[in-house]
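Supplied in structure tokens, the structure appears directly below.
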């Protein structure tokens, strides 16, 4: 069987799901961020693959992927800063330690 | 375009309310005078309206300008005789309420501005002929009443105020659904246009009627939606009670007459049996509960439930006599119950109790107060020659000659007896007998207080003796409603 | 060049943000002042420039709704900045806050004009990211940071879900432009991806069951931040969602999802708001509830979109004002006790806002609900409307808990903040807007080209 | 003839002046009321003369009406008409009214509130006059109710005491029970005819038997309340708690007769029904006999007279039921004079003896000569002894029964005659003969004696004018049939002899106490007023009061409780709403995920605060949505 | 250019990516996880190359493998007080696993019905020039917006990590 679009989409889905699993299950905030990053990566594979097979000329997907990368990089940067700030106030990056607000 | 008299009548109190609020508590006497002048001028304008009113014509003094044309909302004010009688009552009772609460010491500016704001809503409801406008005024009434009860009321005022608010809000939001449904069906918010057009599908009418029924029945109030009323009345200050019983309750029955009947005639016919049943139950239930009360104000409050039952009975009859009777009870109840609340308030101010068993022998100690209380009681129990009889009698007449099950009419007629029972019981305990401890040191009514009551006494007598003085205004609209319903 | 001219308002806002960021010392609050000025100028510019067609090859279009959205976003931001200029943000510098708010607004303004999913996504991020910072603006406060983290994590998670959905939308439609969406071939994948996209939007609007961050984040944040974050991004998000839903191919299943979220939001928001004693938390749940109303409108077609847009504004203004009131007087409900005695004018203004939120005429909220319910009923959503109506009575219950404290509560030890003209002006303007939106809605609706009449379908089948 | 309107207007005016000023002026304005009553009398005589010689006429001699209200095409009007029946009633009312007013000058002169007393008396007179003049049922009803008010006010005149207060309320409420019937009768009438005026209702309308029966029975019910017919008579004996002159006017002569007058007015409807007449007859008979028996066991002189009134009203109903309105009206007229006379006499006696208990009286004839003569005339009239007025009218009733072949009824009526004579004798002998029990006994004041003498004169002679009156009313009243008259007189005499035998002889032959003991059951029933009051008390009043209280609790706990319960439920729901996040969704998702630590145990209400939990919830929702879409799309 | 990819290359890269991701989840040490993420990123860059997206591959390496990974590692280091903090005992998160599996499964189900219209690759593969032209004409505006996003992230990060006043 020739490798085509579907293979890539399945790959992306796998990566996204693994990332999702990590985002849901990790307790270390940084680890969660990395999992989210994995998800973003999966989406980018999706975009590039779709671009490659569906709109090879206009390259919309690639463009989209670039923006996606920029955004997730920015998000991660901001997120890491937030984690650092939290670490400074709480001396922990454990998510389960952060549950003062509720109700 | 003619002189916008109705706009002036409706919004003059708003100006007054703002002016009063701006004057502030420190200038109490100026506040009172302003409020008074505004209310009196408003009453004078209504009198002008009455004078210029042509009882042989229908809707008059119409003002109609587009408001939100995209949705077909218009600023449409107009009066017919039915509106006019209610408008007169509203303007009059506001003046009296202001006079009666002349010496309010707690936050006078707020008090008087709320009274005037209330008048805006009350006046507006009775002259608005556009649904959205109607709803605006309808809800506008809630806010000042909430504050009147919540700020100046008795010990449980906050509870009573919010109960009043939520109860009536619950009713009115369902009314809003009805309004929306009607709008979507007819493409207009204009009540008169809607009524003229007619022809709504029966099933649709039924549901919309149900929605409006909830809105209006809470306000009337009809059993079993009445439980806000005693709480509100007991906690409310006198003037608020007077306006609550005198005008606010009428808004509900007015809604039935102005909206439910002409716009939803088929549903009205279908529902009339149910309404008559509730009316009969309200009459007997209200009377029974009035009898069980130990608090004068609660007694009067429950008597309102009973009396408003006659209004609903008259409405359910869908006959000329019944509808005229309904309006007559509305008017008379406003006057008479107003009087009763004023008197109970005046007695309370002196004796500091409203417990019936603690007040007795007023007649030998304060003959004027006692005499007026007895007078009001007899008017309330429907003595012929006084206004209370007119409407109740016509309601019964209409109900009997209608399609309604006679049993409801007979039960309602029994209400006349029960009314006599609780009112006489009140008279017997409070007015008659030997003065009790609480009554011993008190003095009789002041001239101002008598002046407050005199217009009401006069109206009670005039309407009671010469029915046509009221019915000439109501008959035209009633005939119009019935004609719109396709005749009976 | 003409294309760029159409974006003058956006540039003004950006200029404001940069100016605020680099404005000198914080004492005179030059930053917020500059920002407010720029935002106001932007709003005026939006109105002057008016609608225009497609821009930049069709990635944007300034239609009437976009014009309305941009103008109201800019105005609301200006209003908020006016207050910040007056009162500041306590110990924190207001420069960055002003810049963040302006950047977020800029994102919002772009988002409402987007006609392309890339622009939508990226401007959505632009509008959201500053909001995280505003939530955790007090950077040494553990609670604020906790709220921000919750906001951040949930927002990012849902953003990625949305992005994933968008990637498939692009794949199915073969293009990123809205125009291509409506003609995308139907299929399970499209349906799924649309739902994934909706998840992202729902989370931004804090619709149940994606609202979990909202109460915690709001409670952790400073009241002025909440005042901004709970209103402007929500207004922008609503309009953007309206635009997006308008572009998506009609699908009953999509509508079902939106209605389900709407009903859940109304229920959970209103019920959970009731027992709250912290104004921020109360307003958070109330915001969830209002999102429910908005979604209800959005689920019912084109007229619903307009109604939702109107309602979003009618919600945002009083909501912002109340949170700013909380910023001045304290965020515990009991802090508001006796406000009527201390600051009567403010108390009465707050009554106007609260009544508007309850939906009592003649305030804007009532007319918002009227239009909203009308369009929803005409769209066939009768039962959700009944839920909405029942819930709006419930909402009266908790809003009146505030009213009760303001007017009937007693509190003697409360400090009265010094007179402050900009803050007072903010409240006055908010009050006037709430009243004017209600009483003089006509021009606005005209602007939105509301066509209630066209969608006023006969209800008879519903009851038949 | 507009002056007819002045007949009720004069006393009404007196009321309008006196009522507000009564307290300030005490008794200074009282002459005004008397003058008004006098004026009414003069005008009534003029009106009576104006209709002379009476007889049947198509149109009333005077008719005036004004529109009260217009309802669409229907006009409700109030009006006054003068024709023979009303003219006769005018005379009755004004004569007795003036007599009572003059008498009251003496009787009530010590009262502080005499002004108020006169005001109410005047209002009553006005209402009664308006009632007899009314040209329609609505006006009649309105005056009727106002009389009820006056009755209430006068019975409760001494309201500082408990008994009058209670009695006044009882009177008003009991008559109002009847009024419900009246009102419903009016409603049915309106539904049937669409009008209330006599001309239309009685003569222009073709009554079907059913409709006529309904209306007639309802009106009869009203009449029974007002005229104290069995079983609604219970209020009248209690009403004796009011001032005696007021009792004379209201509870003997006029108001209680209004029920009879109503039936007379509505007679064509009764005739159209037939059934209603029979009912009327039965009611009349029952009342006449039972009330007579009750009168025979009372010790309170006023109560004897009260039951006597009830009994006599029963006689009137018998006449009506037998189908002869004129006979009823005739007895009404004679009864009004002699019974008011008896009451006025009783007033003097009570003043003199300072008690109402006959057992403490005796030998008053010697001390109160004028009173005893006048009272004697009244008593003989009541007993039906020639030539006093009661004889003639009662005889007329018996004649009617005879002619109508109502022999059973005739038999019962004769029993009633016997009983009447017996208690009259009992009263007389107890009070006027035997040893004097009080030291100081003084004849009444002149203002009290003059009206009594006048009434006694009328009582003595009026019977001879029966045929003339009949002609005036348009109906032939024949001279008594010797046989029937003889029989009835014999029965009456027998009754009186029995009374003398038991009570009259100085040496007690019959031991009444032993009799009471021997027939304890019968006596008990009678002494307890047939247990009616107790029955009403136990089966109507108390259950009602209990019901109202129960309803009060019901309202407070159940109806309101339902609402409060809903509110509580709502609070719970709001808690649940907060818990919803965790319990429902969280629980659901956790059930699927089965991993979050101690999920079940940590079902605290509210948001958990755990961001991982939130993320799981969000992811769960996403999964659910996706599955939903896939299932729907598939 | 064919419509299929080189299978061996793809499977190798895919294995590297998925394996790296699994390993990232399996490790209990957060530092190791960061390195595994780096590995996935690089593998992804390879996939991009396979998909003729050279520019993206470049960006991927620069941004992710370079900047982000380093940033992440720094944060990890900064937030570890002790070496042992890096290692967490992870109980098996079956719930999360099930959710993720459901999600992935549903998506695969949806993908199964996806029948895209595959466009033929032009003979001349659009290169970085085309990309650049597209980016700075059609997508100029989003590009500017993206720069603002970065600005926000920058200022925000500075705000949060800055000052201890």
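Labels for the chains are A, B, C, D and E, by order of writing; each one numbers its residues from 1.
To be clear about the criterion, contacts are C-beta pairs under 8 Å (C-beta built on N, C-alpha and C of every residue); 3 or more make two chains touch, one makes a residue touch a chain.
Being a predicted model, the structure only gives us computed values, none of them experimental.
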- Message: Once the contact rule is applied, which chains count as partners of both subunit B and subunit E?
- Response: C, D
- Which one of the chains is farthest from subunit C, going by Cα centres? D
- Task: Please indicate the chain closest to the centre of the assembly, with centres calculated from CA atoms only.
- Result: B
- Query: Quick one: which chain's Cα centre is the longest way from subunit E's?
  - Reply: D
- Task: Give the chain pair that accounts for the most C-beta pairs in contact.
- Result: A-E
- Note on the structure: Whole-angstrom distance, CA centroid of subunit B to CA centroid of subunit D, is 34
- Task: Let me have the rounded angstrom distance from the C-alpha centre of subunit D over to the C-alpha centre of subunit E, please.
- Result: 100
- Task: Please report how many Å separate the Cα centroid of subunit A from that of subunit B, as a whole number.
- Result: 65
- Measuring from the mean C-alpha position of subunit A to the mean C-alpha position of subunit D, what distance in angstrom results? 94
- Touching two or more other chains - residues of subunit D: 578, 595, 607, 609, 611, 615-616, 619, 622, 626, 630
- Query: What positions in subunit B touch 2 or more of the other chains?
  - Reply: none
- For subunit C, which residues are shared contacts with two or more other chains? 118, 122, 125, 129, 132-133, 136, 139-140, 145, 149-150, 153, 157, 171, 174, 187-188, 191-192, 215-216, 397
- Interchain contacts (touch definition) - all pairs: A-C, A-D, A-E, B-C, B-D, C-D, C-E, D-E
- Touching subunit B in the complex, subunit C uses residues 351, 355, 358-362, 366-367, 369-371, 373-374, 377-378, 385-386, 389-390, 392-393, 396-397, 400, 404, 407-408, 441-442, 445-446, 450-453, 456-460, 463-464
- Item | Touching residues on subunit D, where the partner in the complex is subunit E | 589-590, 592-596, 616, 619-620, 622-623, 626-627, 630
- Message: Quick check: in the complex, which residue numbers of subunit E touch subunit A?
- Response: 3-7, 10-11, 14, 17-18, 21-22, 24-25, 30, 33-34, 37, 40-41, 44, 47-48, 51-53, 55-56, 59-60, 63-64, 67-68, 71-72, 75-76, 78-79, 81, 88, 90, 93, 95-97, 99-101, 103-104, 107-108, 111, 114, 116-122, 125-126, 130-131, 134-135, 139, 142, 146, 149-150, 152-154, 156-158, 160-161, 164
- Taking the complex as given, what residues does subunit A use to touch subunit D? 20, 23-25, 27, 95-96, 98-103
- Message: Please output the residues of subunit D touching subunit A within their complex, sorted ascending.
- Response: 578, 595, 605-612, 615-616, 619
